[in-house]
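Next, two complexes with chain A in common: one pairs it with chain B, the other with chain C.
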Partner chain A sequence: MIGYLESMLLIAGIFALLAQGLNLHWGFTGLLNFGHVAFFAVGAYTMGILKTQFDVPLLPSFLAAMVASTLLGVIVALPAIRLRADYLAIVTITIGEIFRLILKSAPGVTDYTRGPRGIRGFSNEFYFFRDDIGLGFLSPDQYLMLVVWTTVAIVGLLLWVLIKSPWGRVLKGIREDEDAVRALGKNVTAYKLQSFALGAAIGGLAGVYFAMSIGSLAPDTYLPIITFQAWTIMMLGGSASHWGPVVGSIIFWAIFNGTLYIPREFLSGAEAAYLRQIGIGALIMAIMIFRPQGILGNREEMVLDR
Partner chain B sequence: MSEALQLVANGVVIGSVIAVSAVGLTLVFGILKLINFAHGDFLTLGAFVAVVGTGAGLPLYVAAIPAIVVGAGIAGGLEKVLWRPMRRRGASTVHLLIISIGLALVLRHIIFWVFGSGVYRYMPVSRRIDFGPFSLTPQDAVIVAGSAVALFATALMLQKTRIGKAMRALSDNRDLAEASGINVDRMAMITWLIAGVLTAYGGILLGLQGRVFANMGWFLLLLIFAGVILGGIGSAYGAMIGSLLIGITQELATHSAIGVPSDLKTSVAFLVLIVVLLVRPQGIMGKKQAL
Partner chain C sequence: MVEDVRKSFGGVAAVDGATLAVEPGRITALIGPNGAGKTTLFNVVTGFYRPDSGSIVFDGESIAGKRPHAIARRGLVRTFQLTKALAKMTVLDNMMLAAPSQTGEKLFAAWVLPWAIRKQEKANREKAMELLELFDLADKRDDYAATLSGGQRKLLELARALMMEPRMILLDEPMAGVNPTLGARLMEHVGRLRDEGMTFVLVEHDMDVVMRVSERVIVMANGRVITEGSPEEVRQNRQVIDAYLGAGGGAVEEAIDEVFEERHGG
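On to the complex of A and B.
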């Protein structure tokens, strides 16, 4: 039971963070980002490559991971953000796939990413660090869990302050009526770009923690399903709700990891895995059909009706 | 040069599959303003029903019949229980798009659950036949011919029949079409049935290349999007041309003079998709006001 709770809360924390970034994009700004996994991957890979091949210390490699995902966010957003919502969805999911294929097999890039074989051995310094700060009594998972949830709290607070600020009100304005905000003389594209970049940075940091939790990096971990999971979590908890990603993630992973305990006599491992994916899909549909605002969201804040 | 010709031939083969699938997707978009992320999994479904048939000893052209019936049945059934009620409630494009992503996950993993992650085939792929400057397997030749027949039939339907005219009218100007007495719900159902038939048929053609597996349609989906958007979303003829161009582009990219590794050729097609959306979002045949 303790083991279940620990591993569940760890992965829930990582995905809460990922969903917080997505919530900034979709919940608060109305940007339909279906390539969130690319930021998750670029954060993880930047940290992994810097650690294993350039021997960069812990904190700089974390910062570099966030900078790299911010940059990718800007690169994706600069051209894509002017597109209509459904086109943005196609472009972002496509960029996520291009990115995965490049990590996996682009000549030159694979010298660093080691292609499908992936990267290992980048997490020691992070885990040893807990002795230096007097947390040696925690297990590696407990320590990572503490770090992740602390980050979720800090990011949550930051987003809360930002969304309350005039900057956040402009974002919400863009979500509600882009033209009206433009008519007020605001540079809509710049605001969208900032939202996209910040959400990407948060996603990148989530990717770093995810890599730490599994201890290795391989391109085929970063499939579009990660994006869909983050979407499910965000929508389940409630888009545009600050507690949404946290609540959604805990519920999602409590159920998801719970199915790992179904005895093999009833369901083989592969069957259970397929059943989980069917569950995710059915959950997405059910939320959208019956309660698009999720558990905590506000129907008035949904941009679906436009 | 001969390398290039061979690659173009390969591109035409895969482009033909994409084209049949793309027409269904773009018709649905034109009438319903729905970007259907589950479209690829409709393809897979068609191929698997055909595999069950050939596995039972039926020849493929007989096994294709239940596959097409199931494809049309699922598409029409979903229109009745899912899309129509959602439209009645005023669901937007984005709302429907997210639902279709959930639907795609459900469909694909039901197929995984039933058939597992193995690779099936209708029959062993035969040896290549030399056509002079290029060579193709007989299966490839059937794909191209089968796709051409389906596309021609679709074009004929759109141009000559009342239904086709109503579909084009709806996709051109919905309000005007409705005002002139076209029954939108009825047309939506017909569109889904046609799309279901075309998509199952496209799935069967895709499987003719020799590999039927649960992810096949999902892997093709982004290429179908690329074909649709390059051609101009909502335009059936655009989708045909766009798909062929996408197929040829991704194959030619692997030419030794260009040297894209074949693992990366789909990313070239994806890149075309992104560039088109940025430079000319209405595509080759689309109209600006449709956006």
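On to the complex of A and C.
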């Protein structure tokens, strides 16, 4: 049971972080990003490649991962940000897939990513580091969990301050009507770009932790399903609510992993695996019907939608 | 000051060589039948559309082809035909958003300059509340803008534009969908601001309003300016009546009726 809680809370923390980035894009700026997994992947791969092939120390490799995902965010955003809603969604979902295929099979790139064989052996320094800071009594999972949830808390607070600031007010304005905000003298494109880049950086960091948790990198881990899991988490918790991603992620993973603990007398492993998909699906439907604003979302704002 | 501006969409020349000048400190009305290119011209002047050719000068500077936010910052501010109140933001937030050059609008500033931002926010809030008082919206400050009536939204849009301390405001059909009482109040505000030196251009179909508030009327048809003058002159201009007639359609006939009513009744 403890083991279940630990592994559940670990993955929940990582996805809470991923969804926090997405929440900045969609919840607060209204950018329909369906390629979030690309930032998750670029963060993970940047760290993995720098550690295994260039022997870069821990902290710089983490920072580089965030910088790389920020850069990818900007590169994706520059052409895509001019598109509205559904068109942006189409472009971003494509970019996520293109990026995965590049990691997997692009000549030149695979010299570093090792294509489908993937990368391993980048996580030792991270785990050994816990002895240096006197946390040697924690198991690797517990230690990673602590790091992840500390990050979630810090990112949550930093975002909370940003969203409450005039900067956040501009983003909300853009979400409502970007032409109106343009007419008020704000450089809408620049704000969208900043939001996209910052959310991408957070996604990249989540990717680093995810790579640490599984200890290896393989391109086919980064399927679009990860983006949609992050979306589900955000919708469950309530988009545009500060702590929605956290609550959504815990509920999502409690259900998703919980089915593993159904005794075999009742359901076979395969059946349990289907049950969790059904469970998540039913939960999304229930939320959309009874609480469309999400668990922590603002009912009043939802009702105002035309 | 607009000279020979052209803008076409596909093969349709929406604005086809329009030339006009607006006098500072006056209320100028831009009228014309539907499809005359009035709103397109607004969009070109405020940077929402790029002109195909022609020059636009505001306050001695060329603004043709500049981006909307850059033009707004220069003091040339617009409102929209369909009001763009930011529905899921409070009335006060709508106002605060419009305040120019805010430190806190820069990314990360909120983390490093909280005190400077707080001070600026306080000043902006005071300014916003003053304007809201003036526009009778002060008690709505914490309501979502979506809950306002059509007329109140138009008032909010004008008040919000004033937060930017503009020198010239373009009003796109300010009276559309506004009840007469609020409409009259809106026009009182426009008149008062004009007395304080603000320049206004309004696109308006309500001829009664045009004749009453504007000091100069510019008439557009088929993407060109066909005539301009005082309301009195325009009212008696045969070309104007022809323009409305030539365009055809029910809405147009209504507008003509209004012009004629003005002529005989007013």
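To be clear about the criterion, the second predicted complex is superposed on the first by the 269 of 306 C-alpha atoms of A that agree within 3 Å, B and C clash if a C-alpha of one lies under 4 Å from a C-alpha of the other, contacts with A are read in each partner's own complex, and residues count from 1 in each chain.
Following the convention adopted for this analysis, a residue touches a chain if its C-beta (ideal position, glycine included) is under 8 Å from a C-beta of that chain, and two chains touch if they have at least 3 such contacts.
Small disclaimer: the values here were computed from a predicted structure and weren't measured.
Q: With the two complexes superposed on chain A, say which partner A:Ala153 touches: chain B (first), chain C (second), both, or neither.
A: Touch partners of A:Ala153: none, neither chain B nor chain C.
Q: Is A:Leu260 contacted by the first partner chain B, the second partner chain C, both or neither?
A: neither
Q: Using the superposition described at the top, determine whether chain B or chain C touches more residues of chain A.
A: The partner with more contacted residues on chain A is B.
Q: Would you sort A:Phe228 into first (chain B), second (chain C), both or neither based on which partner it touches?
A: first
Q: Report for A:Asp86: first if it touches chain B alone, second if chain C alone, otherwise both or neither.
A: So A:Asp86 only meets chain B here.
Q: Identify the partner contact of A:Leu5: answer first if only chain B is touched, second if only chain C is, both if each is, neither if none is.
A: neither
Q: With the two structures laid over each other on chain A, which partner does A:Glu176 touch: chain B (first), chain C (second), both, or neither?
A: In the superposition, A:Glu176 contacts chain C only.
Q: Which parts of chain A are in contact with chain B and also with chain C?
A: After superposing on chain A, chain A residues 304-306 contact both chain B and chain C.
Q: Could you please specify the touching residues of chain A with respect to chain C in the complex?
A: 158, 161-162, 164-170, 172-173, 175-177, 179-188, 194, 198, 300-301, 304-306
Q: Using the touch definition up top, name the residues of chain C that touch chain A in the complex.
A: It is residues 46, 48, 67-69, 72-73, 77-80, 84-89, 93, 96-98, 100, 102-111, 114, 117, 121, 144, 146-147, 160, 164 of chain C that touch chain A.
Q: How about chain B: which of its residues touch chain A in the complex?
A: Within the complex, chain B touches chain A at residues 35, 82, 86, 90-95, 97-99, 101-110, 112-113, 116-117, 222, 225-226, 229, 261, 263-264, 266-267, 270-271, 273-274, 277-278, 281, 291.
Q: State the interface residues of chain A toward chain B in the complex, per the touch definition above.
A: 32, 34, 79-80, 83-87, 89-91, 93-95, 97-98, 101-102, 104-107, 225, 228, 231, 235, 270-271, 274-275, 277-278, 280-286, 288-289, 292, 303-306
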